[in-house]
Amino acid sequence: MTRYLGMSLLLGPLLVVSAWAQNSTLDEIARYRAQLQDGNPAELWEARGEDMWKQKRGPKQVSLEQCDLGKGRGVVKGAYAEMPRYFADADRVMDLETRLLHCMMTVQGFSKTDATRRVFGSGSNRSDFEALAAWITSESKGVVMKVSLNHPKAQRAYELGEKAFYFRGGPHDFSCATCHAEDNKRIRLQDLPNLTQKKGAQLGYTTWPAYRVSQGELRTFQWRLYDCFRQQRFPELEFASELSIALTTFLAYNANGAAFNAPAIKR
Amino acid sequence: MADPMRIRAVARDGVVNVRVLMSHEMETGQRKDASGKLVPAHFIRNVTASHQGKTVLTALWGPAVAKNPYLEFEFKGGQKGDKVLVTWEDNKGEKRSDEGVIN
Amino acid sequence: MNHSRRKAIQSGGGLIAVLLAAGIISPGAALAQSDPFTIKSLAEAMRAVGGQNLTPSDAIIIKAPAIAENGAVVPVAVESKLPGTESITLFVEKNPTPLVGSFGIPSGTVGSVSTRVKMGQTSDVYALVKADGRFYVAKKEIKITLGGCGG
């Protein structure tokens, strides 16, 4: 008995210490993240994107100010918080990148091959899409997410996206839901949002694009999906594809009601 | 040519807070590329900030300053509407100068 | 002496001139070393920028997280409350070359700077402050946890 008591006296503080250590680790990492918020290098992408939006480019030498992101020609403020959306002129649902690609082709006269030559940047090989997305999304900072499914094609995109979210496959028999349908899951110290719950869906969606500290690059929500597919060992998620738009519609709609809060900065 | 800097300068109670973001790879010279070759060092060597011709900060950096460098400092005597000029030069001799207006 | 070595010394020479002009290093130190950014030991790197007879000081505050999620970007701010602060120099002891950078503080500029540094591993970070011609030092340990995989 005294031995047990001795043990528990010994172990007691140890358990407390390890629980404390874990909490303080998470607290300190929260502090690290908070300290990075000021002076987010994403601003460098935003500045480049704003210039690019206003520059006359492409075979037609027209600026993207002639592009309608859904709130009228040239209107950027708040546009991202309502995307993806149904566009009557194209008779389909488009997310931001798909719409930009559409405008680059129809307004500026780029070919699809030229416009999509580099959708994700790396070092000096930079992506126009990432810069444009950084600027356009920054113009929705603080705007409440309000994605509409009123059009039947938007409703259909949502349903397809939901199916894709739970679809299991690949050599690991993975789905998006494997990692993102339970609370408190994480990869090492990275918390994985539970995208099936309002709070997690909002937190997950509204914090992309983000400057990725580990890569020194700004990454968009498109990239996030693309890389999740890679991690699942799925076939490559095609840029501006129906599936990509559908998944984005599903996740963006579930974030409705939350204030958009990106470009952010992440580990 | 290098991208412009982002310069934010805010005056409060006679002190100007300056925050600068610079677009630069800041290669250490110790990293290898996909083919196994060392990527040559490429980093901002010195930074100078001035206000109305007076130097308000100098910095000398090596490659251990993080990629897309961030710099924040404060000086006295600046007024709203004044400009802060920031110049950097890297180890390959490339230079960039930008101005920010004090808010 | 081969050509590349000579070149390295020449470019180091240019740097020394700048360091001297900024008052960050003393002429004696300039003679002793080519480029303080290439020195591998903390003590030598500190000596190269003139930091001898260091006085530990709690008037130097290093503001940094105790744990950084990613060593590629570690926010570090240094505030010197020492009157007559002329320069602030940062070192990461366990980096391959500890000297990170040096900031010259002209009169009229507040003795505090904030930047982000790279850290290869958990290490003490040192802030060396030159104030009224004397050198003072403070340190803080920052732990580095590498993030999760790929994405």
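We just call them A, B and C in the order they show up, numbering each chain from 1.
Going forward, contacts are C-beta pairs under 8 Å (C-beta built on N, C-alpha and C of every residue); 3 or more make two chains touch, one makes a residue touch a chain.
Treat the numbers as computed from the prediction; the structure is a model and nothing was measured.
In terms of inter-chain touching, the protein chains here all touch one another pairwise.
Of all the chains, the one whose CA centre sits at the greatest distance from that of chain A is C. Centroids built from CA atoms put chain C at 17 Å from chain B. Per-chain CA centroids place chain A at a distance of 37 Å from chain C. Rounded to a whole number, the gap between the C-alpha centres of chain A and chain B is 29 angstrom. Among the residues of chain B, those touching two or more other chains are numbered 67, 70, 72. Annotation for chain A: residues 216 touch two or more other chains. Residue positions 72-75, 116 of chain C each touch two or more of the other chains. Interface residues of chain C, counted against chain A in their complex, comprise 64-70, 72-75, 116, 145, 147-151. Listed in rising order, the residues of chain C touching chain B in the complex are 11, 15, 18-19, 22, 24, 37, 72-75, 77, 92, 95-97, 99-106, 108-110, 112-118.
Here chain B touches chain C in the complex through residues 15, 26, 28, 30, 45-46, 54-67, 69-77, 91, going by the rule given at the top.
Chain A meets chain B in the complex at residues 38-39, 41, 43-44, 47-48, 123-124, 216. The part of chain B that touches chain A in the complex is made up of residues 3-4, 6, 19, 21, 23, 25, 67-68, 70, 72.
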